[in-house]
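Below are two complexes that have chain A in common, paired first with chain B and then with chain C.
Up next is the complex of A and B:
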C-alpha cells in the first residue's frame, strides 16, 4: 500500500513537472523552427533563389491592396491624435505651434510604422498562414518538394521581399494620410495654420532611419512568422483556422517586441 | 527494388507504423491496402523523404534513403514520382505549368522545350486541350489525370499512386488502372499503389500487402489473399461490418 502510494505520488509529481515544462519545451521548439525558417529564407534570398514574378504578385497583394485600409486607419489615427493632443494642450498652455512638428516626428518615428505593421500583421499575416496552411493540408507543399521546388524559395522568400518593401512604402502612405488628416483637424478645430502644422523642425534623419528600420523589420518578420504558422499546420480545415489565428497573434506580438527593441536601442544610441 | 525494413512511426501518442517490413520487386505493381488511418500513405511517403521514420530503414535499389537531406533526395525524387491522393495541383498555375514545374526544376531546358515536354505528357493522359486552363476549372477525374501526367514528366522508374481511383467514376478509374498496367508493360515501371478499390486491386496487382494495427497482416499475390483463412483479412476484403477487425 505504501509502495502504491509512493508510485502514485511519483506519477503525480512527474505529471505536474511535465505540465510545467511542456509550455517551455513547446516555446523552445517553436523558436527553433522559426529561427531555422528565418535562416533558410535569408539564404534563399541571398542566393537569388526566388521568382521575380512571384515577388511582384505578392507586392501587389500585400501593398497595393492594403493602401485603402492603411490610408483610412492612419488617417483616422491622425485625426484623433491631433484632436486629443490639441484639446489637452488647450487646457494647459494654449500654444499649438509645436503640435504639428511633434505629431509628424511621432508619426515618422513610431506610430506610422508600428500601426502599419500591426494592420499588415492582421490582414496579410492571416492570409499568408491560411494560404500556406491550405497548401499543407492538401499536400501541395509535399508536391512542391516532389517537384524539387523548395517551399521556402517558392512560398516564403517572395512574400518576405515583397512585404519588406511594401511595409516601408505603406508606412510612407500612412504618414502622408495621418499628417493630412491631422492638419485638417488642426485647422478646422483649433485654427492651426497649415504651414505651422507642416513643420519638420523636430524630425531629423535619425527619426526617419528609426521609422524605416522598424517598417523594414516588421515587413521581414510578418511573412516569415505567418509562413511558419502555415507550414506547421495539421488537422485539416480546423488546423488552417488555428494557423491563421496563431499567425495574427504571433506577428502582432512580434511587431510590439521589435518596436520595443528598436526604440530601446535608438534611445541608447541617440 | 524497394525495401521497407522495420519501419516505426508515431505522431504524438498515436502509433501508426509498428515495425512494418515490405519488399517491392523491380517492375512489380504492388498494392498496399488497409482501413483508413492504417498508415498506408504514411508508409509510402517515407520512400521519398516526405516523412522520416522513428526507427527503421528504407532501401531503394540497395541505396539507404532513410536519412538523406533535401538536396540528396533530389535524385530519389527524380526517379521516384508520386501521384497524391488529392491530385494536389497548384491552384495558382495553369495545367501545363503544373506539369512543367518538375521539368523546369530538374532539367535545364528552354521555355519552349519545357512546354513541349509538358504538352507531350498531357497528350499521354488525354489532357492536352486543357493545357491553359486553371485546375479550379477541372473536375476531380481530370485533375487526377493531370497529376499523373506531372508525375510521369521525368520518366520515373518508380511511381507511388496514393488512392488513384478514389472519387473517380468507373470509366475514369478503369483508365487509371489501364495506365498503371501500361507503365509496367511498356516501361517496366514499378508501381506502389495505396488503394481501397477492390476491383482495381484484384485486376491490376501483382502483389498485395495489408496493413492492420501498424503491422503487415498479410503480404501475397491476389490468389494468396483470396485463399487466406485469416479472419481479419477475410473481413476486410469481403467488406463485412461484423467481424474481428477493430475499426476504431
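Up next is the complex of A and C:
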C-alpha cells in the first residue's frame, strides 16, 4: 500500500517534472542541432568546399531581389521616424537642426541593420526554408546524399556566404532609402533644409562599426537557422509550410536577440 | 530580347502583382464583412482559433517585448548619457516602445508566427482538396475557416499588444537597473509622468489594424495556393513579405492620421 502510494507520487512528480523539463529538453536538442549545422557550415566554408557560381546565384536571389522590399519598408520607416520625432520635438523646442544628424546616427547604429535583418529574415528565411523543405519532402536532398554531395556544402554554405555579404549591402541601401525618405518628409512637413538634415556630424566610425557588425551577424545567422528549419522538414506540403513558419519565427527572434547582445556589448564598451 | 522585356515588363509585372494582392485581400475583407453582418460563422471554431492564435502566441510576444524594452533602453541611454538628462529616459523608452517599435516588432513576430502558419495551413488544405471537401459538404469556407481566423487575429493581436507593452516596460526596467545603472523606480516614475496615453492607444489601434491586414493577406495567399508542396512554401514566403510591407504602410498611415 505504502509502496503503491510512493509509486503514485513518484509517477505524479515524474509527470510534473517531465512536463517542466520537456521544453528545456526540446530547446536543448534544437540548439545542439543548430550548433552542429553552424559548425558544419563553418567547416565547409573554411575548407572552401562550395561552388562560386552558387554563391553568385544566391547573392542575386538574396540581395538584388530584396532591394524593392527593403527600399519600401526602410523608406516608410524613415518617413515614420522623422515625422513622429519632429512632431514631438516641435512641442518642446521648435529647433530641428539636430534631427537629421541624430536620425542618421540612429539609422546606422540600430534601425537600418535590425529592420533590414528582420525583413531579410522574413523574405529570405522563409524562402530558404520553403525551398530546402520542398527538396527534403520530394527526396532531392536524399538524392544529393546518394550522389555523395553534402547538403551542407551544396545548399547551406553558398547561402550563408551570399547572405553575410548581402545583408551588409542591403543595410547600406536601407540607410540611403530611409535617409532619403526622412529628408523629403523633413522638408515637406517641417521645412528642414536638405543640407541641414544631411548631417554626419554625430555619425562616427564607431556607429558604422556597430551597424556593420550587427548586419554581418544577422547575415550569418539567418540562412543557417532557416536551413535548419528546412532540413528538419517532415511530412508533405503541411511540413513545408511549417518549416517556412518556424524559419520566420526563429530567424526574427535570433535577429532581436543578437541586436540586444551587440547593443549591450557596445554600450558597455563605450 | 527586346528592350521592353527588361525595362517596362518588370514594372508592369510588379504593378500587376501588387494590385492582384491588394484586390484579393480586399475581396476577402469584403466577404468577411458580409459574413459578419448578420453574424454567420462557426462559434466553436472561433474559440479554437482564439486559443491557437492568441494564447499560444503569448510566450513569443512576451519574450520579444522583454527584448524590445531592453534594446530601446540601451539606445535611449546612449543619448541620455551624452546630454545628462536622465529624466528623459522613461519618456524616450515609453514613446518609442508604445508608439512605434513595440507595435512594429510585435506585429512582425505575430505575422511570422500566425500569418505564415495560417497561409501554410490553408494552403495545405487547398492542395489536399480539403477546402473542396468542405464545399461539397455545403460548408462555406469563409464562415468556417476565414471569419473565425479574422476575429481571432484582430482580437488577440490587440490584447497581445497590451501584454507586450507591459512586458516591454518590465524589460526596460530590468535593463535600466542591471546594465545602465539607473534605479528602475526612477524609470517607471518618469514613464508615468510622461503622459503617454495617446501613444499607448495609438499602438493598440495599430495592433488591431495589423490583425485585420495579417488575417486578410494570409487567408488570401493560403486560399489561392496552387502546385503542391512547393506551392505552399512559395505562398507562405509571399504571404510574410506582403504582411511585412502592409505592417509598415499601416503603421505610417495610422501614425499620420493620429497627428491630424
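FYI, the second predicted complex is superposed on the first by the 257 of 270 C-alpha atoms of A that agree within 3 Å, B and C clash if a C-alpha of one lies under 4 Å from a C-alpha of the other, contacts with A are read in each partner's own complex, and residues count from 1 in each chain.
Here, a residue touches a chain if its C-beta (ideal position, glycine included) is under 8 Å from a C-beta of that chain, and two chains touch if they have at least 3 such contacts.
Nothing here was measured: the structure is a model prediction, and the numbers come from that model.
Enquirer: Could you check whether chain B and chain C clash or fit when both are placed on chain A?
Expert: After superposition on chain A, chain B vs chain C: fit, no clash.
Enquirer: Classify the contacts of A:22 with the two partner chains as first (chain B alone), second (chain C alone), both, or neither.
Expert: In the superposition, A:22 contacts neither chain B nor chain C.
Enquirer: Taking the superposition on A as described, I'd like to know which of chain B and chain C A:146 touches: first, second, both or neither.
Expert: In the superposition, A:146 contacts chain B only.
Enquirer: Does the superposition put A:138 against chain B (first), chain C (second), both, or neither?
Expert: Both partners, chain B and chain C.
Enquirer: Check the residue A:65 against both partner chains and state whether it touches chain B (first), chain C (second), both, or neither.
Expert: Touch partners of A:65: none, neither chain B nor chain C.
Enquirer: Of the two partner chains, chain B (first) and chain C (second), which one does A:36 touch, if any: first, second, both, or neither?
Expert: Touch status of A:36: no partner.
Enquirer: On the superposed three-chain arrangement, identify whether chain B or chain C touches more chain A residues.
Expert: Of chain B and chain C, C contacts more residues of chain A.
Enquirer: Tell me the angle subtended at the Cα centre of chain A by the Cα centres of chain B and chain C, rounded to the nearest 10 °.
Expert: With chain A as the vertex, chain B and chain C sit 100 degrees apart.
Enquirer: Contact-wise, after the overlay, does A:47 reach chain B, chain C, both or neither (first, second, both, neither)?
Expert: Neither partner.
Enquirer: Of the partners chain B and chain C, which touch A:88 in the superposed model: first, second, both, neither?
Expert: Second partner only.
Enquirer: Tell me the contact category for A:126 with respect to chain B and chain C: first, second, both or neither.
Expert: Touch partner of A:126: chain C, not chain B.
Enquirer: So in the superposed three-chain picture, is A:253 touching just chain B, just chain C, both, or none of them (first/second/both/neither)?
Expert: Second partner only.
Enquirer: Shortest C-alpha to C-alpha distance from chain B to chain C once the two structures are superposed, in angstrom?
Expert: Between chain B and chain C, the minimum C-alpha distance equals 11 Å.
Enquirer: Quick check on the output: what are the common chain A residues between the chain B footprint and the chain C footprint?
Expert: Touching chain B and chain C on chain A: residues 138.
Enquirer: Show which residues of chain C lie in contact with chain A when the two form their complex.
Expert: These residues of chain C touch chain A: 14, 60, 63-64, 67-68, 70-71, 74-75, 77-79, 95, 99-100, 105, 108-109, 111-113, 116-117, 119-121, 123-124, 127-128, 175, 179-180, 228-234, 236-237, 240-241, 244-245, 248-249, 251-252, 255-256, 259.
Enquirer: Provide the residue numbers of chain A that touch chain C in the complex, in ascending order.
Expert: Residue list for chain A touching chain C: 68-69, 72-73, 76-77, 79-81, 83-84, 87-88, 102, 106, 109-110, 118-119, 121-123, 126-127, 129-131, 133-134, 137-138, 236-245, 248-249, 252-253, 256-257, 259-260, 263-264, 267-268, 270.
Enquirer: Okay, in this complex, where on chain A does chain B touch?
Expert: Spelled out, the residues of chain A in touch with chain B are 138-140, 142-150.
Enquirer: Within their complex, state which residues of chain B touch chain A.
Expert: 45, 48-50, 70, 74, 77-78, 81-82, 84-86, 88-91, 101-102, 105-106, 150
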